[in-house]
Each structure stands twice: as structure tokens, then as C-alpha cells.
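Below you'll find the structures, each written out as C-alpha cells.
One chain, chain A, appears in both complexes that follow, with chain B as partner in the first and chain C in the second.
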Partner chain A sequence: MHLWLQVLVNGILQGGILGISALAFSLQWGVMNLINLAHGTFQVLAAYLTVLILQHLGLDPLLAVPLVFIIFFLGGYLVQFFLINRVISTNLFMTLLLTYGMDFVLANLMILFFTADYKSINTPYANSSWQLFGLQFPIVRSVALLFLIVLSVLLWLFLEYSRPGRAIRATSMGTEPARLMGLKIPHVYALTFALSSGLAATGGVFFGLSNAFSPASGGPLTVGAFVVTILGGVGTSWGPLVGGLILGVLDAVGSVIFGPTYVNVITFGLLLVILVLRPNGVLGRAG
Partner chain B sequence: MLVIRNLSAGYGDTQVLWDINMDIKEGEIVALIGVNGAGKTTLLKTLMGLVTPWSGSVTFRGQEVGGKDTYHMVKQGLNMTPQGRWLFAGMSVEDNLLTGAYLRRDKEIKQDLARIYRLFPRLGERKHQSAGTLSGGEQQMCALGRSLMSRPVLLLLDEMSLGLAPIVVDMLLDLVAEIRRQGTTVLLVEQDVEEALRRADRGYVLEGGRIVMSGTSSDLLSSEKLREAYLGL
Partner chain C sequence: MLKPRKLAKALGASAVALTLILSGCGTATTSNNTSSTAGTITIGAPVAATGSLANEGKLVHDGYTLWENVVNKQGGLLVDGKRYKVNINFQDDQSVATNSASLTEKMYTQDNIRLFLSPYASGNIFSATTVAEKHKVPMISGGGGAKSIFTRDYKYVFSAYPYSGDYLGSVLDLLKTQGVKTLAFLHADDVFSKEADQGGEDYAKSHGFDVVYSAQYPSNASDLTSQLTQIAQKAPDALIGTGHFQEAVLLVKEAKQMNVNFKSIAFTVGPTMPSFPQTLGKDAEGILGASLWTPDLPYKDDIFGTSKEYADLYKQTFGVNPDYHSAMASAAAELMGLAVQKAGSPDPQKVRDALAGLGTVHLFDGDFTIEANGSISGLKLPVVQIQDGKAVTVWPGSFSQNFKDFPLPAWNKR
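Up next is the complex of A and B:
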């Protein structure tokens, strides 16, 4: 019994990191119909940036989150405005090709600068846990889950009640009517990608704190975000939270029952079942 | 206010508009009539910058605006209520209206919102409902309200009557006079020739992408040619 409770806790906490990552992936997918294949590599880059910040500024990774967010926000704005906007209105294949290219270039630049070796971020709390009711709550993952909840609420408030948030929602429902309101679509898209990049980088900090990583770690992260987004439903505010928790728990439970080797089988089996039964995800699509 | 000279436009290789010449003066209600496929919507989209003109000029309040982007047109006070309404279906009625005022930075947006709800009490009752759940008539009111929220100088109304019950159409078309009274010039695009001309000062007839007739509403309504072609009399 106790073992299973601990497995459940592990799964739920793992859902935090998965969910933050999917928050970013789902936003750009829902608003721009953009599937960003470089998503995971962005996150790995954020993890490396966190290492640099720790080494050179001595800033603790958790305190560095706002700084990392802002850097990726600005970088994301430029990437969307000058690069992705050029092909976004052509077809899905072109954006897949472009983001795949970005992924390739970024991953290889990271090998050049950081070598292909595995790295981890060393903090005093990286491997410690809080004890509660005899259960272990790893600190980093617990904070990540807290972040996911707070970020989900903030993103929802932003999209629902702010002026730029309304512009993003309007654009997601149709670019031509949005243009008729006087919206500049390239800037709305750039803002959306900027936000996504900031969120992806935030997830990347937590990923780097709880896993060893190399420049090649991006692929599985992209796939994870993809599955969580499908599970929760594209473009919903709470989908990443729900999808993250579901996938986190299933992976944790599955790896105890079938062994860690079969985690991917569970993940993709679940994806197939969802796509057949509920193509819109568990929460469906807002709008 | 709006001067269109020798305007041609189209999509891809297909020319839709040929040498359009039109004038709209401040405070007027001008009707643009023509059958399906005559190019009415393309003309409006070209004026809004959604379609790029091939040649010719468009002057709005003394400024050349042909080929400028939609943002620029809206900023200048041009607005279009699109055919088929193009509402943001997943957003609430109120958010749709507020999006109409997106480029405004003044403090009177709240006041205008209240004004729209007074004009269309049904929208006020349903302001938190998502726009996709409204009836056809309510959706048209919402689209019209959304345009009015931008405080347009010149409003392009594209086939408000499409698919609506006659009583709703009457109510909406009657509002056009009220919109003019509040200082907005109106270009009324309709397939229903008689209804449109009864409310307009002047009219243009678009056929095969060309202006084939123009004149005051009473002249047009009594013209043999127009009565034969459009009213079946």
C-alpha cells in the first residue's frame, strides 16, 4: 500500500514538469497551429543557460527562473517574428521542416559549446526530499508542480482578461476576422511564441534540476509535450495540468508494473487510445 | 470622404474588379447592390486591405490608402461588418465587442459598451455567453456592435440580411439611419435591392466586377433597366 502511495506521489509530481512543458507546446499549437519540433531542445538550452547563470552569476536556479523566462521570451519573439512568421501561413509541413531545422542547428551548437557529455545542475536541494506522512516529496518536483498550477492560473487570467490575451484568443479563432479588428497578426504570433518560449524555458530549468541532460535530450521532451497536449486537449488552459498529471501517474504506475523499459509503450498506447476515442483530448478544445 | 478611382483587384490570376469608380461623401448612406459573385465582398475586402489592389487609387479623407494594410485602415476609421459575421465563436459576447475596440486607447470604451447594450438589449442579456451560441440575428447584432465599438468614420456593412428573418432584417436596416445620425457614414452592401435603396441616398450597381449603373436611390428605383434585372418587374 505504502509503495503504491509513493508511486502515485512520484507520478503526480512528475506531472508538474511534463505539464509546464506542455503549457508552452499547447499554447503555440492552439493559437498558431504550430507544432514546434525544436520545443524540447529549447528546454535543454534553458537548462544549459541555468548552468551558466549558476556558474558565472552564482544565482540559484530557482531564483534564476524569471531571468531565464525573460531571455527566452525575448529570443522567442525574435525567432517567431523573423523566422517562423515567414512560413507560418503556408502549410503545416513547412513549419515542421523549419522547426526541425532549428532543432538540428540548436542541438549541434550546444554540442559545440557544451560538448556531448551529460551534465547536471548541482544544488544542495537537487536530490533532497520533504518527508510527509512517511512519503517522500522530492523538492524540485514539488516546486515544479506548484509552478505548473500557478502558471496555469496566470496564463488563464492573462488570456481571459488582458488586452493582449484577448488579441491572442481572437487570432486563434481566425486570422482574417482578427485582422479586421486592426490586430497585427505577425506581432500577435510573435507574442504567443515569446510566451511559449518563456514557459518552455521555465520547464527546462526544472527538467535540468531533476535530470541529467545532454544536447540530445530534446527529442523525448518534445514527444512528452506532444502526448500531454493531446491528452489534455489542444489550446485549453487546464489541459496541460490534467494531461501532465495523467501521463505522470500512468508512467510511474506502469514502470512499476511492467518495468521502466515499457514506459514508452504505455505512453504511446495511451496516445492511440485517446486519438481513437476522444480526438479532442480529455478537456476538449476551448473555442 | 472615400474616393475610388479605376480600382482593379482579384485573387491570384483571376481578376474580379475592373476599373471601379465610386465616391462616398461624409454623412451619406450609399448602397452597393449586385447579385452573388458580382464582386461586392471583394470590393469591401480590397477597401479594408484584406485583398491587395492591382491598380487604381483609393483615397480616404484626403489620404491615399490603396494597398495599405488592414491595421492602417482600421486606425483611420474604416471598419467592416463582414458577411457571415466572422464572430470569435469561442469568446463571450462582451469579449467580441471589446475586441472591436482593440485599437482604441481612450477612456470611453466602457461607455460605448453600455451604449451597444442599450441598442441591443439581447446582447446585454447574453454578454457572458459565448458568441457561437447566439441565434443568427443576435450574431449579426454582435458583429454590428463589434464594428461600432471601433467608432468607425465609415462603416462597410456586408449583407447583414443574409439568412435572417425579415423582421430582424428590418430592425437591423432601420438601425443604419440611427448609425448615420451618430456620425458614421455607411456603405450598405445588399442583394435585396429594394430594401437597400429605400434606406440609402445613392446607389451603385455592380455587375461582373464593373460598376454598371449609379445614381440617387429614387432614380435607380424607377430605372426600367434596374427594375427588370433586379426586381423582376
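Up next is the complex of A and C:
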């Protein structure tokens, strides 16, 4: 009994790590129909940035989250405005190509600056846990889940009630009507990418705290975010949370029943089932 | 007097002739282009300089190069009373196994090379050796030791590497002396990790250990907490992890997060690399690593001297401390040198026969025996332990005096 309770906790907490990584991916995809193949590498870059901030400014990674968010927000705005906006209206293939290229360039620049050696963000609490009712709650994973819930609420409030949030939603429903209503689409897109870059970077901090990473670690993160986004439903504020939890729990329980070697089978099998039965995701509206 | 056009023709013809003569000289395996020596022996090596294996490829490249430098500095290889310079012809296989094969083919047919040292990584060696065998020219592995390379009844493939399945033997011998009884095994799903794990588990079972847990996870796993929860239920004395660097780090981090304690933890990959204690800090203390060579080992030979002298020379030449990848590569190159000397000629068939008849050799990295299938046996593998942020040799023999931190302190007592 204790084993299964702990495995359930492990799955839920892993869901937090998966979900926080998918928030940004889902937003970009939902609003701009942009599948960002550099997503995982953005997160790795954020992890490196956090290491630098810790080493040079002595700022704790969790306290550094706002700073990392702002830096990536600004960087993301510029990348979208000057780079991705140039191809986004052509077709999906062009944006895939561009973000794939960005991924390549970023990963190799990181090898240049940080070498190919593995790093990890080391803080006294990074490997510690809280004990509750005889169950272990690793601090970083628990805080990540908390962050995911708070960020999901904030994102929902922002998209639902703020002016720029409504602009983003209007644009996601159709660029032409939005433009006719006086919205400046390139700026709305840049704002969306800025926001999602900040969110991606936040996920990157937690990834760096819970894993060892190298410049080449981005690929699996992008794939994970992709699966969670489809599971939860593209472009929904709560999708990443729901998708992350479903995937986290199923992987944890499945890896104990069938063995960890079948985790990928479970993950992608689930993806297949969802694509067939609910192509718009668990929370997505019928298309 | 020649007209300008005829002059140009004549010059062109002589240039072509000259090129042919020169290229003829260059492609010969031995040639008289050095005044003080009888010629040069060229050895081909399709080693990765780019791609995913570039890092280890460089270590192998440097290992081969160090042997080349030392032999040439000593006046060359003494073969049948004459001195020959050695020259290793490196070509980049870009980390791709099919390139390792096609480059070996190219070096054989176009560059007339008849002796080969292997690329890095078992997969690449597997494919390059098929070409060497086809042309009946010897290739010695200085970059990997998967058993599958040696179970094809090949006659021209030799090695300086032990089987991957032998890596964990020393770790288990050490744990045995400490009274460890129950073990949990976790391994990644690539060829090397599977072979090393299987060898380790077989060795454990035949040496009185109780394997209470064994599982395979996909490479690049980012969460193994549930496996650690399962392992905690069985409360084994030691955890043996066979995978990649990032998974070794992940297992230590998550074992601490889940407060799963072991008397001992050992990995095949991770602790031998300086970035392991750097990444984990004090949580890395006391963790064991299976190694193939360390500078502390008490062996020596005529080319490099002792293991320590090898390490010093390497540091002096390349500016960094040697890791076992380089030492194993240097040993493979040394084997080639020994065989050529024993054969009394760089003729590939004679060198092959000499390699097959070398028997037990004593090199700076240890004593081992060349087996009938070209693999080696008897190499005593060292074990390292992280102590004060450094990898210290704690096995075999009297090195066990250095062993400490047993049982490992609980995570919350560190």
C-alpha cells in the first residue's frame, strides 16, 4: 500500500515537472500555430543562466526565477519580432525549419560557452525532501507543482481578463478579424512568444535543479512538452497541468507494473490513444 | 628549340610522371624517405573527430598519438635489426559506424595501408572490423570491447579492451570483502550498458550475492524515483548502476530526494570523470566507479615506463590528465608495435600471426592474455572511489587500504 501511495506521489510530482515545461509550448502552439523545436534548448539555456546567476550573483535559483523570466521575456520578444514573425505567416514547415535551426545554433553556442560537460544546479535543498505521513516529497518537485498550479491560474486570469490577454485570445481565433479590430498582430505574436519564453525558462530552472544537463539535453524536453500538450489540449490554460499529471502518474505506475523500460511505450501509446479518441486533447473542445 | 606549346606539353608530362612516382612512394607501407631509418610503417585509424563521439574519439586519438610520438622519439620501431618510423594515419569517421567501415576500405584500397587501429565505440569497431577481416589485415581495438565483436570467428581482429561484461567484476570483489550480500541493479538500454549489467549480474550470482532487483530503463531517463521507491522496499545493501553520466547523477540526486540509503553505490560510468564530484558536491563522496586503468597501478613496460610516468608524459604532451580511454588506446597501439617487432616485418599476415601468438603481455596498463578469438583476459580492473572530490584508486590488492566510507552515511547525515 505504502509503495503505491509513494509511486502515486512520485507520478504527480513528475507531472509538475512535465507540465511546467509544457505551459510555454502549449501557448505558442495554441495562439500562433507555432511548434517550437527549440523549446527544450531554451529551457537548457535557462538552466545555464541560473547556474551563472548562482555562481556570480549568489542568488538562489528559486529567487532568481523572476529575473530569469524577465530576461527570457525580453529575449523572446526580440526573437519573435525580428526572426519568427518573418516566416510565421508562410506555412508550418517554414517555422519548423527555423526553430530547428535555432535549436542547432543555440545548442552549439552553449557547447562553445559552457563546454559539453554535464552541469547541475546545486543548492542545499536541491536533493532534499519533506516527509509527510511517511511519504517523501522532494522539495524541488513539490515546489515545481506549486508553481505550475499558480502559473496556470495566473495565465488563465491574464488571458481571460487582461487587455493584452484578450488580444492574444482574439488573435488565436483568427488573425484577419483581429487585425480588422485594430490589433497589431506582429506585436501580439511577439508578446505571446515573450510570455511563453519566460514560462519555458521557469520550467528550465526546475529542470536544472532536478536533473543533470548538457547543451544537448533539449531534445527529450521538447518531445515531453509535445506529448503533454497534445494530452492536455493545445492552447488551453489548464491543459499542461492536466496532461502533465496524467502522463506523470501513468508513467510512474506503468514503470512499476511493467518495468521502466516500457515508459516510452506507455507515453507514446497514450499519445496514440488520445489522438484517435480525443484529437483535441482531454480539455480541448471538439473541433 | 621547343615551341612554347610543346614545352608546356613536355613540362606537363614530366609533372604527371613526377606525381606518379611521388604518390607511388607515399602509398607504400614502408618507404625509404627518412635517412636515419629503414622506412616508415603506416597504421590506419578511422577515429571520430566530430559528431556525438568526438569527445571520447579525441581521447583515443591522443592515446594512439602518444605512442607514435614516444616510439619515434626513441628512434623508431626496431624490426629485424632495422629502425622504422611509425606514422598513424587518422581519418574522421564523424562518429558514424558505416563511415568507420568505408574509411577502412578507402585506406586499404587507395592509401595502401595494411595495419589498423580501431575507431572509438563498439558499434563503430564492429563495422570497421568487417572490412579489415575481408581484406585479411589486422585491426586492434583501442576503443571498445563488446563481446559481439569477438563472436564472429574473425581471425584478424584483436583488442586491448576487456569485455564490457567484465567491467563490474572488481567492484563486486571489493563489495564481497565488505560483507555486502544483497544487490539492486539498474541499467540503461544501450548495447554497452546491457552487456556490462548482464556480466555483472552473472558474476554476482555465481559469487554468492543475492540480486534482489534488476530493471532496464530507457537512455536519457529523467525520472527514476518510482524505481528507487521499489528498490527501497527490498532494502538491498548496494545499488549498481550501469548507464550514462547523466543517469548516474540523476540516481544519486533522486536516491537522496527519496531518502533511499545504501551501504554502497557503484556506477560503470560517471565517477571516473572529474565532472561527477563537481556536479554532485558532497553527495558524490564514497561512491564507487568501475574503471579500466588509473595512474596508480603498479605496472610498467619499456615504451612508457610505469603507469605514473605514462600519466605524467600524457599531461606534459596534452595538458590534461589521461583518462582510461587514452590509456587503453595507447596499450592497443603498443600491442601493434610488439606484434610488428615479433613478426620481424610489417607484412599484415605475419603481424596477424604474431598477435595471435603473443600470449601473455606485460604493459603499463596491466598484464593480460590474448585469447584465440582476439579478445583479452586477465586484466585486473581497478575500482575508484570519490574521496574529498577526487577519484581515488581503492582496488585491486593493497589499494583496498584506501577504501573508506563503508557503510555510506545516511543522506541526511552528510
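Criterion: the second predicted complex is superposed on the first by the 284 of 287 C-alpha atoms of A that agree within 3 Å, B and C clash if a C-alpha of one lies under 4 Å from a C-alpha of the other, contacts with A are read in each partner's own complex, and residues count from 1 in each chain.
Please note the rule applied: a contact is a pair of C-beta atoms (placed from the backbone, for glycine too) under 8 Å apart; a residue touches a chain by one contact, two chains touch by 3 or more.
Fair warning: this is a prediction, and the values are worked out from it, not measured in the lab.
Enquirer: Following superposition onto chain A, is the placement of chain B relative to chain C best described as a clash or a fit?
Expert: fit
Enquirer: Tell me which partner A:Ser217 touches in the superposition: chain B (first), chain C (second), both or neither.
Expert: A:Ser217 contacts chain C only, not chain B.
Enquirer: Between chain B and chain C, what opening angle does the Cα centre of chain A see in the overlaid model, nearest 10 degrees?
Expert: About 140 degrees, rounded to the nearest 10.
Enquirer: With both structures superposed, pick whichever of chain B and chain C touches the larger number of chain A residues.
Expert: Between chain B and chain C, C touches the greater number of residues in chain A.
Enquirer: So, does A:Lys184 touch the first partner chain B, the second partner chain C, both, or neither?
Expert: first
Enquirer: Applying the document's definition of touch, where does A:Ala170 land relative to chain B and chain C: first, second, both, or neither?
Expert: first
Enquirer: Just chain B (first), just chain C (second), both, or neither: which does A:Thr192 touch?
Expert: neither
Enquirer: Can you report the least C-alpha distance between chain B and chain C in the superposed arrangement, rounded to whole Å?
Expert: Taking the overlay as described at the top, chain B lies 37 Å from chain C at its nearest C-alpha.
Enquirer: Output the chain A positions appearing in both contact lists, the one against chain B and the one against chain C.
Expert: In the superposed arrangement, which is not itself an observed complex, chain A uses no residue for both chain B and chain C.
Enquirer: So in the complex, which bits of chain A are touching chain C?
Expert: 3, 6-7, 10-11, 13-14, 17, 116-120, 122, 126-129, 131, 136, 138-141, 210-214, 217, 220, 224, 251-253, 255-256, 259-261, 263-264
Enquirer: Would you pull the chain A residues touching chain B in the complex into a rising list?
Expert: Answer in residue numbers: 163, 166-167, 169-170, 173-174, 176-184, 286-287.
Enquirer: Where on chain C does chain A make contact in their complex?
Expert: Within the complex, chain C contacts chain A at residues 55, 189, 215-218, 220-227, 229-230, 233, 245-246, 249-250, 252-254, 256-259, 275, 279-281, 283, 411.
Enquirer: Spell out the residues on chain B that touch chain A in their complex, using ranges where they run on.
Expert: Touch list, chain B to chain A: 48, 50, 69-71, 74-75, 79-80, 82, 86-91, 95, 98-100, 102-103, 146, 150.
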